[in-house]
Amino acid sequence: MMQGREIIARRVALEFKDGDVVNLGIGIPTLAANYLPEGVHIQLQSENGMLGMGGAASPEAASLDITDAGGNPVTVLPGGMFFDSPFSFGLIRGGHVDETVLGALEVDQEGNLASWMIPGKRVPGMGGAMDLVVGARRVIVAMEHVNKDGSAKILKKCRLPLTAAHKVNLVVTNAAVLKVKPGGGLVLTELAPETTLEQALAGIEADVEVSPDLKTMPIL
Amino acid sequence: MMQGREIIARRVALEFKDGDVVNLGIGIPTLAANYLPEGVHIQLQSENGMLGMGGAASPEAASLDITDAGGNPVTVLPGGMFFDSPFSFGLIRGGHVDETVLGALEVDQEGNLASWMIPGKRVPGMGGAMDLVVGARRVIVAMEHVNKDGSAKILKKCRLPLTAAHKVNLVVTNAAVLKVKPGGGLVLTELAPETTLEQALAGIEADVEVSPDLKTMPIL
Amino acid sequence: MKNKVIPVEEAVAHVKDGDHIMVGGFLKGGTPDVSVRELIRQGQKGLTLTSNDTGRPDCAVFDLVGAGRVAVINASYIGANPETGKMLIENPGSVRLFPQGTLAEKVRCGGFGLGGVLTPVGVGTVVEEGKQKLVVDGKEYLLETALHADVAFVKAHAADEAGNLLIRGNAKNFNVVMAAAADYVIAEVDEILPVGSIGPEDVTVPGALVNAIVKGGACA
Amino acid sequence: MKNKVIPVEEAVAHVKDGDHIMVGGFLKGGTPDVSVRELIRQGQKGLTLTSNDTGRPDCAVFDLVGAGRVAVINASYIGANPETGKMLIENPGSVRLFPQGTLAEKVRCGGFGLGGVLTPVGVGTVVEEGKQKLVVDGKEYLLETALHADVAFVKAHAADEAGNLLIRGNAKNFNVVMAAAADYVIAEVDEILPVGSIGPEDVTVPGALVNAIVKGGACA
């Protein structure tokens, strides 16, 4: 059986169009680049200053002058370029990134997103996430359907401090795909393979419309 | 006898220190680069995107990709660099240009400067002048002592629309050098060769202190 | 990835009557003359034009103004284009003059998703008329807001087929930020190269910003 | 022109207790480790530190925080530095977190003579607390003001003796704008070259911004 992470990554990969500029967050989002459909080539933006990011650098080629947003040595592909942080975030805020894919602690039915802090417990900082979510043309949240303790992550209203308000376009989990309607409201459009509608809805606190065209994720 | 323009250019050139970044306006200011004292090397900033501007390009080397602020093909010197307009004016506004030398229609005793328009008659636009006058560490006005009709250019208060308020540090004319005191007020510190104090003062409308150390411009 | 090289007629046809266009260049340096000539030929009118200087007599944008196609101009220096000067005298509201660094920042804001910047340039001059003034840490600034266009015309030395641009020397001027600040970007270039021919340190403008590449060259 | 290459001890001695310092780098990419290690050795304290992330355990700036020398931090992501996390929990006012693009613009404003920028990022989140909100064309923005430091520590691959810097890859990150945003700038480099060795298209930071060049290298 396909792992939850792989389900999410495979489904996210179907969202990209040929030629898109995409920023992938650390973790599950990064895996999406492994599952691009044939004929779809995307350009990865790394917010620390690169377009056209390639894979991990070989030990011989590794340099601290070319790193991904986790600080690890990577390569640059033909047609890529380097730039400084103001330019990088200029591209991001200016709407020149087609999709940003990132994880989240919570998402809600108004398209709000909380991903960067748990007050009093864990405050890693927002890094580039707020700029990405505000600036990218489409915001795709890629995350587990529920928390480890089984509690919901898709809520009526986020309880944690927001990363941005009303910016999420699509939520992809290991159980379902949910679209955020313009102006708010969630529509469940797809189920993961071997997941029933009841199972998916049981893990969601938010009010959800079920699409009349509900289908199984086309990832097999 | 030395021409007025040459007097001004020679005297302005004495204001530069070795290593200074200098922006020279079109006309008399540009001539100052010809009279640098021995051992003084400056780097010319051209606001259209260059540090380390050299002289006019030879016909063979001329390119529209390397031009001065008048749009004419020039060269770049070793140690120079190119940049775009936001970066160029970032350097200017950010205080990274040591001296800007520019002409003026009027200067006044508060250190105000009018150089960019004559309402209803001639409105060429301010170009980069306002940024240069606000941002450069020192603002040197290099101009004829009086207008062609003999009327004063050094006034109690500028009548034409200002380029900037309270920003002029030094005025160099073909008759005299005047310092603007911090907070305002003009001190006449030098006379041009063959110019008397009476001649210099006759061409000035502003209130002027005469320096107790009044001397002749050291340009011969 | 799509090859973006298309005929100039097709690229320029994206401009509609009443559009806001940006034209890169500083006087004759880095000006997209072939594509602006095509715009004159096609006849779109009632345009808003953002251009540093609206050209000098050897630039196509000079003739665009002369042909009466432009209703409103944003510029910093118009002393080399008497046609623009005439517009300003006859209809003062039709030509908006900004300090050059301010114009550069306004375009950058439009391209990089910022609403505006606070600049000290213009304080105490007519430039502050009608603008919001803010005090930060005891210092006065003008709020200068973003400019965004429908179509940008930019000039580069070379492009690869994905639209990555190499702009040489100080022809970078306004071309870089204008490429970010429009919905549709036409890059006019002298050379068209395969993807990967321009190294990642040499790309001046990422192809992600460029919609159409047209071949430049000598024009009548 | 003065050769700016000096011993690291002399350069770093410009930092005084209570100074605001900026340290370039993104996690381990483009970090000036030798000069920051020297700062730890010299013992200056009560510092304000602006750094994208305050490093990870293999960065000198990580240890600067750990050594208790820093009183106030401006950063965007601190998830890799638990010492900074501890400061934030114990004294919330001591660590100010900004969206990464906002932090980049704040430093750019400080370096480029702007009072601040209007960004949509952070609207509707805790980031807007205590900040001025402005509406431009019906859209809400936060006013984010400039940051300027006493001393900046930046890293480049190479410098010429006049201080022109070549920064490779995405090690450009915050290093370019920080070099503009401080009164005294220390550039740590792997290679030192004669003036003119770095071509005018390859200089990333003009020497005019750099006060001291120090030799980098492996550090314990």
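Odds and ends about this structure:
A, B, C and D are the chain letters, set down in written order, and residue numbers restart from 1 in every chain.
Just so it is clear, contacts are C-beta pairs under 8 Å (C-beta built on N, C-alpha and C of every residue); 3 or more make two chains touch, one makes a residue touch a chain.
This is a predicted model, so every value here is computed, not measured.
The interface holding more C-beta pairs in contact, when B-D is weighed against B-C, is B-C. Mean C-alpha positions place chain B and chain D at a centre distance of 34 Å.
Mean C-alpha positions place chain A and chain D at a centre distance of 29 Å.
Measuring from the averaged C-alpha position of chain C to that of chain D gives a distance of 32 Å.
Counting partner chains per residue, chain A shows two or more touched chains at residues 50, 76, 82, 86, 89-90, 92-93, 134-135.
Each of residues 105, 108, 113-114, 119-120, 168-169, 200-201 in chain C touches at least two other chains.
The set of touching chain pairs reads A-C, A-D, B-C, B-D, C-D, using the touch definition from the header. Within the complex formed with chain B, the chain D residues making contact are 1-2, 108, 111-114, 160, 162, 164, 180-181, 195-196, 200-201, 203, 206-209. Against chain B, in their complex, chain C makes its touches with residues 26-31, 52-53, 56, 75-80, 85, 88-89, 97, 99-105, 108, 119-127, 157, 167-177. In the complex of the two chains, the chain A residues touching chain C come out as 18-19, 21, 41, 43, 50-52, 76, 78-82, 86, 89-96, 134-135. The touching residues of chain D, counted against chain C in their complex, run 105, 109, 113-120, 132, 134, 136-137, 139, 141, 143, 145-146, 168-169, 200-202.
Across the interface of their complex, chain C is touched by residues 46-50, 63-67, 69-71, 76, 82-86, 88-90, 92-93, 120, 122-131, 134-135, 161-166 of chain B.
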